[in-house]
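You will see chain A twice below: alongside chain B first, and alongside chain C after that.
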Partner chain A sequence: MDVNANWLSVPIVLPLIGAAVALLVSSRVTPKQTRTQRNIALVTSVTNLFVALFLLWQTAGQDQRVALQIGLWPAPFGITLVADAFSAIMLTLTGLLMLCVMVYAAGTLDEREGLNFYPLLLFLLMGVNGAFVAGDLFNLYVFFEVLLMASFVLLSLGGRPGQVNGGLRYVLLNLMASTIFLAVTGVVYGTLGTLNLAHLAQRMDAAPDSLRVVVAGMLLVAYGSKAGIFPLFFWLPASYHTPHPAVTAIFGGLLTKVGIYALFRMYPLLFPDLLTQWQPLILSIAALTMLVGVFGAMAVNTIRRVLSFHVISQVGYMVMGLGLALSGNQLAAGFGMAAGIFYIVHHMIVKTALLMAGGAAELTVGTGRLKRGYLGGLVKRSPVLAGVFFVAAFSLAGVPPSSGFISKLGLLQVALDAQQWWIAGVSLLVSLLTLMSMIRLWQKGFAGPQEDVVAPLRRPNLRLTVAPIALLVAVSLAIGVFSGPFFEWSSVAARQVLDRQGYISTVAPTDQILPIGEQSH
Partner chain B sequence: MIALVFAILVAVLMGTAIYLILQRNPMRMLLGLGLFTHAVNMLVFGTSVSDRGQPPVLLDKAAFDGDISQFVDPLPQALILTAIVISFGIVAFIIALLHRRHTLDLAGENCTDRVDDPFAHEPRSQLDAVDEDYEWLEDVVLQRNVERQTKESS
Partner chain C sequence: MAERYLALLDRILTPILFVLAIIFLIVGHNEPGGGFIAGLVVATAFLMQILARGDDFVRKLIGVYLQPTMGVGLVIAIFSAVLSLPEGAFLLGTWWKISLPGAGVLEIGSPTLFDIGVFLVVSAFVTSYLLELSRPARGNRR
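Up next, the complex of A and B:
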């Protein structure tokens, strides 16, 4: 079935309109106006989720791609938006997480809610959605900047001392990474004369090796530092624990994954042979990212700091999926890619749930310190919250029947199949250490008696807080139990990502400029 | 020739920028970031400059024979325009953050002894450490001391 390609612009335009309307509501935000803003944002993100689901059904369900040439400019000359199954999966997850975080924020936010929090979330949604459907390098850069700009403001919203410091580090390092990305864009345009991804894929094959290595390396640095891979992750633990828990939750679930998405998109499309040539490099980065993340998590002592470091260690698993994307022995080629995509799906859901639950625990008690006796006793005080945290934590560690088990099993299977024993060993070790770290969180944060009572500033609305976490945890369990269809969809996505010719023919870049009127639309 | 000039210019700007970013004074860091983005803008600009030299504007439409080999590529300039706007916005935001920091410092919110030191709040570690973060280590040390004392006394 042919789908109207104009649907592709909806995930970008809709949040923009929503944010603009929500900003119109308020010059001075009163509680009532905040409520109006929240309602506008909720309506926008529900609609966005439905459009994303529609696109998911069109692409992953029908195994096809959709491309939109904006303004009917033929491919390399205009702005191209492309969605395949992978993009649609990411769009759907983004919509789901955004909706959950909005509900969660309504239940937990303090006076920062009045500082145009919801319009900022919508701008973030627009940037992330745009990055997932961008069909050329420069638009990808622009959408990265849109989402970064929104995230800068969200991170430092309220301007508390910790936030200002964390925000500075976050802004500085991310601006450096974006600028490096812009530099690659310049290098690519100067040498290959195009920025359209499909057109680049055609021309990259004929490019000299030196250029390919420079471009691939700089892209790895630029996207890698967004994703938080091994030597480039320092901005993440320095800033993620400083904002309000709702902001940490959406950042931990979404932002690093945009970098991962870009890596998953660029490498198979532009340099498929480098995926095999550079496999040792990519796998060692993956291993070091996992290890550093999990060891870092053991060394810090507040709930959200621990969880921030786990974001890094989990990114290692996804990079491992990228490294194993093309190697197949007994298993079908592309199984590694499918396992990586499945891991992203699992991670985005579980990590957001976990960060929301951990943040809610911090808010309920008034501190996040894991020192014995500070937190403690949450099992008795709010058993539902403790329950969802428990399930999410063990899903992150990979205990069956959660989605974490299936996704780790997939990666392990492909690592053993490709006879990369050492990376399989490292990933198992890190799983074990993650489990230890989760048990530590549980014992110090939730179980046991509470001795030193810290008074929270404002108790969160428990119903609004727990409902989105419970929803995400339920999705995680559903993915674990009914893993067949979900894995099938990631396989479709992986096949489409690895199929360069299909991508090129969908976008159909042309070197000819047709005068207006001679094309048939 | 012009390409070489651009390469040298970009290299000098980039080197200066990185030197400035590595300073601990936040204002210098900010200037360094500004220079860094400008260096990259010049790099992109350099891709449009060649020995062609003609602006892509038709003065005499009737005489135009479809030969575009003399025209400078205008696209990188459009890209740079976007990039300049973005980096301008972000630099303005960083200035606002620095101003907020300064205000907080003056209000005595932080324990900085030197205002110009961006990481003076937690001088000990990269990990944004606060005291509580390493209490488990203190516990371990305490435990060890107790064990040693009991051993010595016995």
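Up next, the complex of A and C:
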């Protein structure tokens, strides 16, 4: 069935419309206007989620791709938006997480409420959605910048010294990555004369090896530092614990995954044969990322810092999926990619739930410090919150029957099939250490008695706070229990990501300029 | 903040800058100029007001309108992009011909509309940015 390609513009334009309309009522900062902005944002993100689900059904359900040539300019000359099953899965997850975080923010946000929080979330949604459907390198860069700017403002919203400090590190290190990305975009355009991904995929095969190595390496650095892989993750633990918990939750769930998405998209499309030689490099980066993340989590002592370090170690698992997908064997590549995509799905849901629960605990108690029993006794004080945290934490660690168990099992199986014993061993070890770290959080933060009482500034509205966490935890359990269809969809997505010819023929780049009006559509 | 010469000068320059901005906005369709430049010129006019009369004056004058103006600009720009959806494509240039009695035919296209939106967003955004920047500078001087 053919779908109207203009649907693809909706995930970008809809949040922009929502943000614009929300700005219209922002002349004065009053609680009433904040509520109006919040309602606009909620309506927008619900609609966005439905459109994303529609696209998911069109692509993953029907096993096809959708491409939109904006303004009817033919492919390599105009802006192209492409969605395949992988994009649609990411769009859907983004929509779901954004909706949950908005409800959560409604329950927890305090004095910063007036300062256009919800329109900023919509701008962030626009940037992330745009990055998932961008069909050329430069627009990917533009949407990275959109989300970087929105996230920088969200990070420093409220303007406490710690936040500005974290925000500055975040923006400086990310701008460096963006500069490298822009530089490599220039290199590509200067040498190959195109930025359209499908067109690039055609021309990259004929390019000299030196160029391909340079481009692949620079893209690895650029996307890798966005994703927080091993030597480039410093910005993440420096900044993620400083803003409001809702902001931490959406950042931890979404932003690093945009970098991972770009890696998953570019490498199989542009450098299919070259990267089989790079498999050891990518796998060792994955192993180091996992280990550094999990050891870092043991060394820090506030709940959100611990969880931020776990973001890094989890990114290692996804990179491991990519590394396994880079094998020359077609079947193994498909399984590796599918396991990686499945892991992304699991991680985005569980990580956001966990960060939201940790943030809610922090707000309820008044501090997030694990030492000297500041944070504690939450099992008695709010058992529901403790319950959802428990399930989310054990899903992250990979205890059955959660989604974490299935996704780690998938990766492990692929690694063992490919006879990469050492990476399988590392992933098992890190899994164990993650479980230990989660048990430590549970014992210190929730089960143990609270010894020193700190008065919280404002109690969160527990119903609004726990409901989105419970929803995400339920989704995680559902993925774990009914893993069949979900794994089926990730296999479809993986097949589409690895199928270069299909991508190229969907976008259909042309080398001739047809006068407008003479092209057939 | 007694920038007296500037306060005299800006009475002459501000109208000129506004007219210049509108010229840039209109001319920008076929020649150098456009909504972005015009927005910057308007922001320059407000910058001069900030320097001449202080940021509080400007904030009282236009402060509450800045963010809604950004919103209006965005809505206009999006509207110009969505206009062409009935013809089958997002962001496709669409044109209308309005015949003016005695003055020929005026062609208005969605790119002009888009430019007007950009103009509003840029002028409001840069002005509010300048207003925020002038806040701590005054605090340091005290």
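Rule of thumb we're sticking to: the second predicted complex is superposed on the first by the 512 of 521 C-alpha atoms of A that agree within 3 Å, B and C clash if a C-alpha of one lies under 4 Å from a C-alpha of the other, contacts with A are read in each partner's own complex, and residues count from 1 in each chain.
Everything below uses one rule, namely that contacts are C-beta pairs under 8 Å (C-beta built on N, C-alpha and C of every residue); 3 or more make two chains touch, one makes a residue touch a chain.
Quick caveat, the model's predicted, so the values are computed rather than measured.
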Let's test your reading of the overlay: on chain A, do chain B and chain C clash or fit side by side? fit
Tell me the contact category for A:Leu72 with respect to chain B and chain C: first, second, both or neither. second
I'd like to know which partner A:Leu477 touches here: chain B for first, chain C for second, both or neither. neither
Contact-wise, after the overlay, does A:Val300 reach chain B, chain C, both or neither (first, second, both, neither)? first
Would you sort A:Val187 into first (chain B), second (chain C), both or neither based on which partner it touches? first
Is A:Val384 contacted by the first partner chain B, the second partner chain C, both or neither? neither
Touching partner for A:Leu416 - first (chain B), second (chain C), both, neither: neither
Tell me which partner touches more residues of chain A in the superposed arrangement, chain B or chain C. B
Looking at A:Val13, would you say it contacts chain B, chain C, both, or neither? Reply first, second, both or neither. second
By how many Å are the closest C-alpha atoms of chain B and chain C apart after the superposition? 7
Would you tell me the residues on chain A in contact with chain B in one complex that are also in contact with chain C in the other? none
Can you tell me which positions in chain A touch chain C when the two form their complex? 6, 9, 13, 16-17, 19-28, 68-72, 116, 521
Which bits of chain C are touching chain A when the two form their complex? 64-65, 67-68, 70-75, 78, 81-82, 84-85, 88-93
For a test of understanding, state which residues of chain A touch chain B in their complex under the given definition. 138, 141-142, 145, 148-149, 152-153, 156, 159, 161, 164-168, 171-172, 175-176, 179-180, 182-183, 185-187, 189-190, 234, 237-239, 241, 296, 299-302, 305, 369, 371
Contact set on chain B toward chain A in their complex: 21, 26, 29, 33, 36-37, 40-41, 43-44, 46-47, 75-76, 79, 82-83, 86-87, 89-90, 93-94, 97-98, 100-101, 104, 109-110, 118, 121, 126-129, 132-136
